[in-house]
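So, here come the structures, one by one.
Below are two complexes that have chain A in common, paired first with chain B and then with chain C.
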Partner chain A sequence: MNESQHLSSQFDEELGRLRTHVLQMGGLVETQVSAAIDAYSSGEISSVKTIVETDRRINELEKAIDDDCAHVIAKRQPAASDLRLVLGISKIVTDLERAGDEAKKIAKGVRRIYEAGHMPAQYGIGIRHLAEAALAMVRQSLDAFARIDAVQAKAVIRADSDVDTEFKSIIRQLITHMMEDPRTITTSIEIISIARAIERIGDHAKNVAEQVVFVVEGRDIRHDKEAIK
Partner chain B sequence: MSAQLLQAFLIALSTAVVAFPVGYFWAQWAGWMVFCVGLGLQLLFHFRNFARLERWSRSPVVDASLEGEGAWDGVFGRLYRHEKDLRAQIAQRDEEIRMLVAAAQALTDGIVILDLSNQIIFCNTMAEVQLGLKLATDRGQPVVNLVRRPEFVAYLQAGMFDRPLTLRPERGEERVLAIHVIPYAGRRRLLQVKDITQADRLDQTRRDFVANVSHELRTPLTVLAGFLETLQEIDVGPDERHRYLEMMADQSARMRSIVQDLLTLSSIESAPPPENDVVDMANLIDKLRRDAEALSSGRHNIVVESDGRGDLLGAEPELVSAFSNLVANAVRYTPAGGTVRIQWKATPQGAEFAVQDNGIGIDPKHIPRLVERFYRVDRGRSRDSGGTGLGLAIVKHSLNRHQALLEIKSEPGVGSRFAARFPASRVAGI
Partner chain C sequence: MQVHDHPALKAEARDLSFFYGEAKALKHINMPIYDKKVTALIGPSGCGKSTYLRSFNRMHDLYPGNRYEGEIRFFPDNTNLLSPDVDPIEVRMRVGMVFQKPNPFPKSIYENVAYGLRVRGENNKRVLDDKVEQALRGGALWDEVKDRLHDLASNLSGGQQQRLCIARALATDPELLLFDEPTSALDPIATGAIEELVHELKKRVTILIVTHNMQQAARVSDYTAYMYLGEMIEFGKTDEIFIKPNDKRTEDYITGRMG
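Moving on, here comes the complex of A and B:
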C-alpha cells in the first residue's frame, strides 16, 4: 500500500496511524468475542461486567476513527487507493463496532443463563466450535487488512458459508432438545440468540474482508458470489 | 601522476621532433599535418582504453579481467583489484550475516527486532509461529497491527519493560507466552518471546494440588470437629450418639484413605525401578473380573476379552493396583445395565491392557488433566462414589514406572476406554 511516494510523508504517517488505530480496535473486538465465549464455557459471569465496560471503549474508538477519516478526506483530499483506504476504513469500523455489540450480547445472554441456574454445558461444544470459526474469521479479516491481502480476504468471505451451515445445524439440534424436553426451552432460546450473535460476528468479519478487497482491487464485491471464486 | 604527465609530454615532444623536419624541409602544412596525425593517434589510443573502462564500469564483473595498455594498465589493475577486494569483503560480510541470521533462527525463543516506532525489522521462524507473523510480508509493518491483544499494545506503549508481559495469544490455542522487550543500540528493540506454557501449567498444577489437599482433608475434618463439639456440649441419646460415631468413623476412614493414597503416590515416586517379576496375566485378569463383579454386585455386564496369551514383567502389586483402579473406575462411572470390558492383548511388539465401558464418558476438555492429583470432572459426584481423587494419578505413575503409556479415549454419553500400552521389553511368554 502507498508504495508510490507521497509528496508529504506526513500523509503516509497519518494513513499508517489510521490503520493501526483500526487494528487496535479490531484487537479489542477479538478479545471481547473470545472473553464472551470463555464466559460461556466457564460460567464465570464476573467477566461480563468487564466486557460491557470495554464495549464502551470500542464505541468511542469507532467515533474517533470516523472523525479521523473525515479529517483526512477534508485536509488531504486523497485520491485513488488512498481514498479507497479511507472509505474502506470508515466502513470497517462500523462492522467492528457491531461485532463488538454482538460480543456484548453474548456476554449478557451468558449472564442470564447462569443466573437462572442453568448450565449450557451439553450445547457447549457446538457453540464453542462455531465461536472459534467466527473468531478465526475476525482474526483473518484483520490480518488481511493489516497485510492488505486480497487473497486472504477472499478466503475469509468463503469461510462465512461454513459458519452459516454450522449455525443452522446448532439450531436444528436445539430444536430437537426443546421438543424432547420442554424444560430446556428457556435456556435453548438464550442459546439460540447466542449462536445467532456468533453467526452475525462471522458476517461482520466477512464485511470487513469485502472492504479489504475493495481497498486492494477497487471492486465492490458485496452481494456478488461470482467475484470471490 | 607526474610520470604519466611526463610520458604524455614526451610523446607530444617526439611527435613534434618528427613533424618539425617535415615542415622545415618540405612544406609547413605537411609538418602540421604530421603533428596532428601523431596527436590524433595518441588520442585514439587513449579513447580506446577509455571505451574499455566505460564498458567494464557498466557491469564491473571480476571474472572478465580489466586490462589496459600503456599508462592505463596500472590504473586499470588497481581499479580491478579494488573491486575484487570489495567483492570478497562483501561476500564475507554476507556470510557473517547469514550465520547470524541462522543463529537467530536456531534459537528456541522467538525473536522480533523492532525499530523505535515498533515496526518489524526482523523476526525468526519461532516468532512467526508464536505470534502468527510472516516476515516476508510483514517487514516494515507495525507489530501491533498483527499482534493486536490490547494488553500487548498497552505494554509496548507504556515503555516500562522491567517486567515481562505474560500473553495468551489469540492464535496460539492454549499457549502462554512471556514477552521481554530489550531496547538496544539506541534505536532498536528486541522482543524476546518465550513459550512458558509448560511452566505455567506446572505452576497451576502445584497450586491446585496444595489447595486440593487442604480442601479434601478439611471437609471430613470439619464434619469430625462438628460432631465432637456436639457430643461434648449436648447430651444426646444412645441411638443418636451411635449414629454420630458412625459418621465420624466414616469421615476418619475417608481421611485415612486420602493419606494412604498420598503415601502410596509418594512411595511410588521415590521407589527404585520395579523388578522384573513375571506377572501371570491370565490369573490377574480372572481376579480383576471377580473383583469387578463383586463391586458391581450384578448391576453390570462384565466381559473379558483376552486370548490369555502373554505375561507382563514388572512389580505385581503396582500393576494390580493400577489395573484394579481402572476396572473400579469403569464400574463406578457406568450406570446399571452397562457393560465393562476388560481387554488384554499381547504381541511381540508390545502389549495393551484396556478397560472399556459404555458409561457416562468424559468431556474432551477434562482428559488432559484427568491424571492430575485431585482433579475432578464433577466435584460432587466422584466424592459421593467414594473416590479420593488420587486413583488415576497412582495408575499413571505405576504405569510410567513400567514404561507404559496411559491412553484415554472418551466421549460424553458414549463411554470411555482407558488403555495401558506396554513396550515389547515388558512382555514375556509370547
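Moving on, here comes the complex of A and C:
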C-alpha cells in the first residue's frame, strides 16, 4: 500500500474519506452483531427494535460508499494500489452490509424465541462462544483493513475454518436434542438459523479479509486454500 | 520472466545508451519489443521516452553530436538498426513514424500517401492508386476521402490529418510503427478513432507508442514500459503494470504521486 501523497490533495481526501466511512460502517456492524448476541444471552428483547433500525443506517452507508467509489473511479481513474483500494472497498461494503443483515436475523430470531416463552440458553450452549469467535473475525478484518495489514487478514481467513467446525458441532448437538425431545423442535430450529447466521458473519469477515489481501498484495486469493498457508 | 510466455521478438534494445553531445539521455536500456503487439512507453517529461522512440528510426542521425551506444536488434533478420553500415533511409522504410501534431505535406491527400512510394521509385499509376487506397483504408480514412483524393490535405480536420499521417506511414508497408503522442492534439472522439485504429493495425504491424495519457496506455497497449531519468524502470504486461506494478517509482507515477 502506498502511503505517500498524491499530487492532488483532493484525491487524497477522497480516498481518506472512503476509508473512514468503511471503518464507520464496520464499527456499526460490529456493534450490531454484539448487541444481537447480548439479546440472545440476556433476553433483553427491547434492543431488537434498535438493531432493526440501525440496520437501515448500515444499508444507507453501503449505498453512499458505493456511490463515492463510482465517483472516484469516474473522476480520478485510479490505478494500481488506488484502484485496488477502491475495488476492494466496493466489495467490502457488500459483505459488511450482509453481515449486518445476519445480525438483524439473529435479533429477530431471539425475539421470536423469547416471545414464545422459551429460554434459548438451555439449548445452544456453544452459541455464545461461536458468536464471539465470529465477532473477533469481524473486528480483526476491520483492523487489518484500517492498518492495511495482509498478515492479520490472512489470520482472519484461517480462523474461519474453526468457526465452521464449531458451527457443525452445534448443529449435531441440536439434532440430538430434537431427537430426544420433539417439543424442543421449534426452538431448536430457531437456534439453528441463529447459528447459521453467526457462521455466515464469519464468512463475510473472511471475505473482507480476502479483499484486504487483494488491496495490499494485488493477489486475488479467493477460493485458494494454498494462498493463506 | 519466462521467455516462452511471450510472443516472438520484433526488436530488442540491448544495453542502449544515447548521448546528446555530453548529455546522457538514455542509460543502458534493455527491452524487448514483441511482434504484432502494442508497447506503450510512459514516464514524466524528460525521462527519455521520445529519445528512445526516435532511436528506432535513426532520427537522431539528423543532428551532429548525437551518439548511440549499444544496439537495437531488429528481427527476423537480426539487423542492428544502429550500425553505421545500415542505411537510415532503409531503416525508415521498415520503421514508420507518426508525430504528436499531424504534419501532412502541403500536397493533396493522394500525394501525401503516395510520397513514400515515389521516393522508392514507384511511378506506375495503377500500383500507386492501389497502394494509396490500401493505405487509406488501413488508416480508416478511405470512406471519408475517396471522393476528394486530390483536395489539399490541409483541408482535413485534425483527426483526419492524423489518420492521413498514419496512412502515409503505412504506405511503405513498415514492420514497426512509432507513435509519438499521436493523440495529444486531438479531441476525445478523434482520439477514440486513433485508438481503435491502433487496435486494428496491430494485426499486421508492431507498434511502439509514447503517451502522456496513462489511460490511453492502459487501453491500447499489451506491454508497458515505465521510464525515468533515462532509465528503464519497469517493463511488463500492461494489465500487471496498471494493477500491481513491482517498482514503487512506477506505482507513484501511475497513481499520480510523483512530485
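By our rule, the second predicted complex is superposed on the first by the 223 of 229 C-alpha atoms of A that agree within 3 Å, B and C clash if a C-alpha of one lies under 4 Å from a C-alpha of the other, contacts with A are read in each partner's own complex, and residues count from 1 in each chain.
Just so we're on the same page, contacts are C-beta pairs under 8 Å (C-beta built on N, C-alpha and C of every residue); 3 or more make two chains touch, one makes a residue touch a chain.
All figures in this text were calculated on a predicted structure; none of them were measured in a lab.
K.L.:
Could you tell me if A:Leu135 is touching chain B, chain C, both of them or neither one (first, second, both, neither)?
P.N.:
Touch status of A:Leu135: first partner only.
K.L.:
Quick check on the superposed pair: does A:Ala74 touch chain B, chain C, both, or neither? Answer first, second, both or neither.
P.N.:
In the superposed model, A:Ala74 contacts neither chain B nor chain C.
K.L.:
Please work out whether A:Arg84 is in contact with chain B alone, chain C alone, both, or neither, and reply first, second, both or neither.
P.N.:
Touch status of A:Arg84: second partner only.
K.L.:
Is A:Thr31 touching the first partner chain B, the second partner chain C, both, or neither of them?
P.N.:
So A:Thr31 only meets chain B here.
K.L.:
With the two structures laid over each other on chain A, which partner does A:Gly218 touch: chain B (first), chain C (second), both, or neither?
P.N.:
It touches chain C, and chain B stays clear.
K.L.:
If we overlay the two complexes on their shared chain A, which of chain B and chain C does A:Phe11 touch? Say first, second, both or neither.
P.N.:
In the superposition, A:Phe11 contacts chain C only.
K.L.:
Taking the touch rule as given, give the residues of chain A at its contact with chain C in the complex, in rising order.
P.N.:
2, 4-8, 11, 76-84, 217-219
K.L.:
What part of chain A is in contact with chain B in the complex they form?
P.N.:
Those in contact with chain B are residues 16, 19-20, 23-24, 26-28, 30-31, 34, 121, 124-125, 135, 139, 142-143, 146-147, 149.
K.L.:
Considering the complex alone, what residue numbers of chain C touch chain A?
P.N.:
Spelled out, the residues of chain C in touch with chain A are 214-215, 218, 242-245, 248, 250-252, 254-259.
K.L.:
Where on chain B is chain A touching in the complex?
P.N.:
The touching residues are 132, 134, 137-138, 141-142, 144-146, 148-150, 153, 170-171, 363-364.
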